[in-house]
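Here is the structure we will look at, set down as structure tokens.
In order of appearance the chains are A, B and C, and numbering begins at 1 in each one.
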């Protein structure tokens, strides 16, 4: 039994159908526990006050924004090499979810940035990289929408995803270089996880698990929808032939 | 060129299946069939522009010259410049004799924008002569040609065949050639419920 | 290959658009910005490197959809794909032709526009160097975007959406070279990084673009 068995759409539908309720339940549980714990049962920080608690949305969303793109890169490669439709469709399914996480990361960042730094937006390397990531997501989604033939769209978006990954990576370092060139070493962002103590750390881990599970839930759900849509158009085409 | 049990697809759906034929040097094969049967799809597959769903195409390397519906003529270039580009792309065919053969010498320095539809077509067909390739794969080559030009073209084809070349032609016009005719109608892809081929995606659901 | 280069350049010159249009657009950007920002020389001098690079980038973007779309429409692309030339080579040569008729003229006129924008005297050498090194990357990245959208009816706008994010590293390093050069700082690092992006793009993107064209012709 190999993992490639799930490349069979029928097999994927069966297994994901069984898994889906459990993953959904677990995601909800983790999110509810993590967020309530984080928001209401952790002390206010000395310097930051209660604003620090937005990390329970901000950090997991930001992590998943990048992870979603990584997943799309892997599934795009699998599609190009092994031609498994489920792989291409799961990349398509993950993109809007990844974009949403990116936007959540940006918006919560702005909401947090206002009280902390006194500004909604700064061209800090990390913020700028995320904005660029959002643009890559937009382009990828637009290409899927624009191409009519589904296999052609899968091929083109996969190539774009691979090339885009390289350039997104380059942009990340270019932006780092660009901003340090402006204000010497003064970075507005900080490595959050290293700064927070255990009181905040545990609920954060639960929230991160919740976001991962939420991502899995949404991608499974959307992939199932994509597979059904493909099946439908295949059946319609078959009807026209008969 | 030998084609065995070929299945070709348009937009992921099989249109022709089980097509088999052989094309010997010096022979011509005329493809017939109603509109939409998949003549263009078959020719594009044979030209290597799209992959076949199933089956085999055996053809020597660098043997095929493809002439599509569109002639790929650049209207801001002169007739000679258009042809000279393709000649050097294919390693230097004889432009002047190709122009002469298609009766285009008088127009050689005219901008292609000022050609009539039939003259453009003649320029498109002259491209085949400068490729130096033995197998000509042609999609409706006689569209917008007048009777005299059709006769001219048929003469060139006969010359090409006589020198060991071969031709695969999708056309409805009788060119007056000693050519076999392959009617594609029996090869129309059957619907899957009638035992026809199904796409890779659907296969998983059967 | 040489014949293709000559053909593409001839087409660009004779079609009377491709060539002059990009230059005119570049000039317009250099005129519009002072009108919008105000005439203070100090402000203009400070933003000149960025404006010149953004202007060059947008002018380049303007003519990208001509690289493959015209050949696709008249059937030439089918014939090029079935010709003995490898499609990767076709892409590389067409990008080169695009650079020669679009990028190179931008590089040549950029000092004049630098004058309009009050660029510091130390910056001119680096403006020429960075545009000379960076615009080939703009052409080849652009040809990848054009290859992705070649089959689409209204691909122009989508292509901009796809290509602009890919342009960002080039823009950042290119403008940084001019900015530092104008301030009399060391430019070796961004210049080397810019050269690396150009070299990498030239080496790899023709393969990706050729793959995209094959998919689109299918």
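The rule we apply is simple: a contact is a pair of C-beta atoms (placed from the backbone, for glycine too) under 8 Å apart; a residue touches a chain by one contact, two chains touch by 3 or more.
These numbers come from a predicted model, not from an experiment.
Enquirer: I want to compare two interfaces, A-C and A-B. Which one has more contacting C-beta pairs?
Expert: Contact tally favours A-C.
Enquirer: Need the central chain here, defined by C-alpha centroid distance to the all-chain C-alpha centroid.
Expert: Chain closest to the assembly's C-alpha mean: C.
Enquirer: Nearest whole angstrom, what separates the Cα centre of chain B from the Cα centre of chain C?
Expert: 37
Enquirer: Mind checking the centre-to-centre distance between chain A and chain C? Centres are C-alpha means, answer in whole Å.
Expert: Roughly 32 Å, centre to centre.
Enquirer: Rounded to a whole Å, what is the gap between the Cα centroids of chain A and chain B?
Expert: Roughly 48 Å separates the two chain centres.
Enquirer: What are the residue numbers in chain C that touch two or more other chains?
Expert: Expected reply: 218.
Enquirer: Give the residues of chain A touching no fewer than two other chains, as numbers and ranges.
Expert: Within chain A, no residue touches at least two other chains.
Enquirer: Where on chain C does chain B make contact in their complex?
Expert: Those in contact with chain B are residues 2-4, 7, 10-11, 14-15, 71, 74-85, 217-218.
Enquirer: Please give the residue numbers of chain B that touch chain A in the complex, ascending.
Expert: Contact set of chain B toward chain A: 11-13, 189-194, 196, 198-202, 204-205.
Enquirer: Under the touch definition given earlier, write down the residues of chain C that touch chain A in their complex.
Expert: Residues of chain C touching chain A: 144, 148-149, 151-152, 155, 158, 161-162, 164-166, 168-169, 172-173, 176, 179-180, 189-190, 193, 197, 205, 208, 211-212, 215-216, 218.
Enquirer: Which of the residues in chain A end up touching chain B in this complex?
Expert: 8-11, 83, 85, 149-151, 230-231, 234, 237-238, 241-242
Enquirer: Could you list, by residue number, the parts of chain A that touch chain C in their complex?
Expert: Counting only chain A, the residues touching chain C are 132, 135-136, 138-139, 142-143, 146-147, 152, 155-156, 159-160, 162-164, 167-168, 170-171, 173-175, 177-178, 181.
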